[in-house]
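A, B, C and D label the chains in the order they appear, each numbered from 1.
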Amino acid sequence: SDQEAAFEARIDADGRIEPQDWMPEAYRKTLVRQISQHAHSEIVGMLPEGNWISRAPSLKRKAILIAKVQDEGGHGLYLYSAAETLGTSRDQMLEGLHSGKAKYSSIFNYPTLNWADVGVIGWLVDGAAIMNQIPLCRCSYGPYSRAMIRVCKEESFHQRQGYEALLVMMQGTEAQKAMVQDAVNRLWWKCLAMFGPPDSDSPHSAQGMRWGIKRISNDELRQKFIDATVPQAKVLGVTLPDPDLKWNEERQHHDYGQIDWQEFWNTVEGNGPCNKERLATRVKAHNDGQWVRDAALAYTRKQQQRAQKEAA
Amino acid sequence: MNAPVDYILHLADNAVVLGQRNAEWCGHGPILEEDIALANVSLDHIGQARLLYQLAATRMGGDATEDKLAYFRDETQFRNYTLLELPHNGPLVGYAVSDRDYATTIVRNFLYGALMVLVWDALEKSPDADLAAIAAKSLKEARYHLHHAADWVVRFGDGTEESHKRAQAAVDHLFPYTEEFWTSSAAEDAAVAAGAGADVRSLRAAWDAIVNETLAEATLVRPQVRGYVPEGKHGRHSEHLGYLLGEMQGLARAHPGATW
Amino acid sequence: SDQEAAFEARIDADGRIEPQDWMPEAYRKTLVRQISQHAHSEIVGMLPEGNWISRAPSLKRKAILIAKVQDEGGHGLYLYSAAETLGTSRDQMLEGLHSGKAKYSSIFNYPTLNWADVGVIGWLVDGAAIMNQIPLCRCSYGPYSRAMIRVCKEESFHQRQGYEALLVMMQGTEAQKAMVQDAVNRLWWKCLAMFGPPDSDSPHSAQGMRWGIKRISNDELRQKFIDATVPQAKVLGVTLPDPDLKWNEERQHHDYGQIDWQEFWNTVEGNGPCNKERLATRVKAHNDGQWVRDAALAYTRKQQQRAQKEAA
Amino acid sequence: MNAPVDYILHLADNAVVLGQRNAEWCGHGPILEEDIALANVSLDHIGQARLLYQLAATRMGGDATEDKLAYFRDETQFRNYTLLELPHNGPLVGYAVSDRDYATTIVRNFLYGALMVLVWDALEKSPDADLAAIAAKSLKEARYHLHHAADWVVRFGDGTEESHKRAQAAVDHLFPYTEEFWTSSAAEDAAVAAGAGADVRSLRAAWDAIVNETLAEATLVRPQVRGYVPEGKHGRHSEHLGYLLGEMQGLARAHPGATW
């Protein structure tokens, strides 16, 4: 069709598709799935870090952490808005999350077990997320690409804050250093898995590349992340828990060990250490909040009726 | 002409304790926008607490710091209003677990916010220039907090039957704790005597006006209050503050020499 | 009537009335009120001390405290049983407590604010309770008197344990000593009020004396308590917070200051610092436990039906 | 022939953590008799923990004491099963407040009790005479705990529709955590190698029999379990233990030199 041709031409020219533009159903569906999954990740991602707000060891760190978790809520908000431009309501998306149909980033199904986890999430988890997300700033769908520009900017700020917090801890007591190393040991491999399965096993990538929704392959991004992180770890003074990790002069990249994909899929399928807790917590918050949302709606309706009466 | 340190600590303790409580909603709010709003309110309070503790620490000298004051003072040294340390539910003892009730959270923010717009407004004119500067910043924040909370009080009171019931229960539960606002404490008296503090009792009529107007719009009834008057600002608290501080201070205290 | 005469004769002879015996309605009512009030006090009294179980500073003290709070539950249990012999069910009595009609000891409407409160409750609160209760071991109603013998024995043990815990703290750090003094400061006057209003204002006493339900007046018991406690406080090294407290050579008793009866009545009427919390907590525990009690009942019925079917 | 200290600590940590959890019902039980029963179960566990920590402290020598081991070890040093540190509710993150669910409490006590009657029975015959003596005492207690919990599991499962639903939900929630029982740890392997510990994996069939029989009587379904296996006994816990220990250890740690 003409519409289809126009769409394809726009994509080929690296132009932006906007909400009012015609788009193929598959493109729309893929985007809704990806954007809502991303939004859910922001919302669920508030929980592992939120776990340490009440116990933050200084007021400065407490304020930074609250602000960070708040930013994640904000990201969720504008990602839900971006997805809504594709004709899916926030309620529909939440229903997908709460019923377990929609996914979110598996990294948030691991527990935060010491204060350094907060810093390591900033440094490594947000770092990996940024690697994944920067290409999306050039994504073909306008609202998503604009949302991602804002998200990436704030995430970079969080990453630097996380790294800075770890630097301070690594200059501190033995106990503080041990916390950082413990957190890195637990989270490193999970971060590498965040880039998704190896390119050889990755199902959606080809079409996503074609549509400019995905622009760099999983393995390429993973390699980029590792290469960027190794020198940062050295400066920090932590050991990345991979005996196979070393510079390959020939490839001009770091070699690295085997990721435990079985564990990854276990967690993706809902059987990680915290999947049930994270989801049940979101569902409970939503259900507990029903009366609040009902009240707001009822009040708005009453106000409208009163306004109509006065007008009449 | 400077406000006494104890007075600044009273203001700081109020801010940090309510900041801690409001942050407990982070990730658990009834709607994403409220999750963000509550985090914002909390952040403002933590920010106020930091400035106030910093001011107190400077004036105390020695090895006092913002964090020493927040993390290494015991329950009996905290001078916050009892109202602010209560958990987000109806009247239950400290170790009776219960869900968070957003009506309780909002009504508390409303009752305290109505006070603080008046207190900061008065302190903005304090001859204690440092305190006046903090007050000027805090006043803007308090206005937003009050606005946010009052909006919801009205929505709850004039919303559904259930929200009305919950809001009225929260008002009934929390109102008696506001009596503490109007009692005198040595720190407040000294601040007033020095000409640097706000005479809270002189603000009572204005507070009543704000509160009564919103309650009326919300079709909520202001309860009769009599009996026990809380004494948190004298360091005699409810059973709840011990749990709150235990959680808040535990990690910092486990590493007394550490920098974070 | 003959019954009445027999009852009066038994009372006069200092004999015991047993459940199957005839008794005047007023006697029955007074006893139910008093025994259930006492049972409620045990149950509500679990809360202020229970508040410190999770935070007990040593495993030994934790075990002692759990055992003590458990004993209080046990006292509640046999006091409810004693009252049930008078024809009132535990459910009826609980309904009285939960609706606010029935009272419990006002002392439990004050908060426990530091660990020493646990010791001071043992020493002073249990001490005052024992003073009140020892005469009841000779009460005219058999089941109550037998229950009180058991209760008093265990309470005396608790009192010694509480005092011993305070002795250890008073030999400890400055912070520990300060805790003990702080707890004594907060609780001393409330304990004196536990003996009830001055004899001049005490309404039920005359009839209670006649029936052998009450045997010593409020003021006499209060004086006895003060005289017993002053030397204990000296050994402990704490100051009782009453500047008027001093030995009166002439009376051969200690003089003491004015009790704040207005505060006492405030609390009795429901407006003390913790009345609402204590009661709401009991109501919540009861309501939350409804499904458990329902399940037990349903299972028992099913078992009975199965047994009947098999028998048939 | 003595059991290694790490193994004794694993047993002690199990006991203290579950003792702490069960005591949270004190004053809040569904019926007075259960309040008393749960306190009793808790008391038994605290008693077991004391004996085990005392034994460990004696063998460690130096300044180790029962309370140093219970109060001054950090979360990562605790070697209890993750199952035992979970709060009394369904799957919720640590800072999501929720009411206590008695079904969760009872099902946990049942699953752990079924294990411990077997473990203590094996340890009663240990050549480590001190440990054997503790086991003999603990076995009697564990039998009561199992009996008490199993009775209620049956009542819940075969009681009302609601109690059945709650019991099944608790079984579904908690069962995956029992997988940790059957994994190996250095401390357990060393104890078995020394001939002084119980080889838990050899008890699996017996545990299955106890559990399956009661679940069948209760008309409850044993869920399929796969995926993540908890690692509490390796010192990697859930987000819940930090809160539990923070509350339990806070006061003792605030007064490090004190005797109580």
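Operating definition for what follows: a contact is a pair of C-beta atoms (placed from the backbone, for glycine too) under 8 Å apart; a residue touches a chain by one contact, two chains touch by 3 or more.
Because the structure is predicted, anything quoted here is derived from the model rather than measured.
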Contact-richer chain pair [B-C vs C-D]: C-D
Subunit A-subunit D separation of Cα centroids, rounded to whole Å: 36
Distance from the mean Cα position of subunit D to that of subunit B, given in whole angstrom: 40
For subunit C, residues contacting two or more additional chains: 47, 50, 53-55, 281, 284-285
For subunit D, residues contacting two or more additional chains: 24, 27-28, 93, 95-96, 98-100, 246-247, 250-251
Pairs of chains in contact (touch as defined earlier), listed by label: A-B, A-D, B-C, B-D, C-D
Residue ranges of subunit D touching subunit C (in the complex, touch as defined): 16, 20, 23-24, 26-36, 39-40, 42-43, 46-47, 49-50, 53, 66-67, 70-71, 99-100, 102, 154-156, 158-160, 162-163, 166, 247-248, 250-252, 255, 257-260
Subunit B-touching residues of subunit A, taken from the complex the two chains share: 43, 46-47, 50, 53-63, 66-67, 69-70, 73-74, 76-77, 80, 115, 165, 168-169, 171-173, 175-176, 281, 284-285, 288-296, 298-299, 302
Of subunit B, residues touching subunit C in the complex: 75-76, 90-96, 98, 173, 176, 226-228, 230, 236-239, 242, 246
In the complex with subunit D, residue positions of subunit B that touch it: 24, 27-28, 74, 87-88, 93, 95-100, 243, 246-247, 250-251, 253-254
Subunit D-touching residues of subunit A, taken from the complex the two chains share: 47-48, 50-51, 53-55, 111-114, 182, 186, 263, 266-267, 269-274, 276-281, 284-285
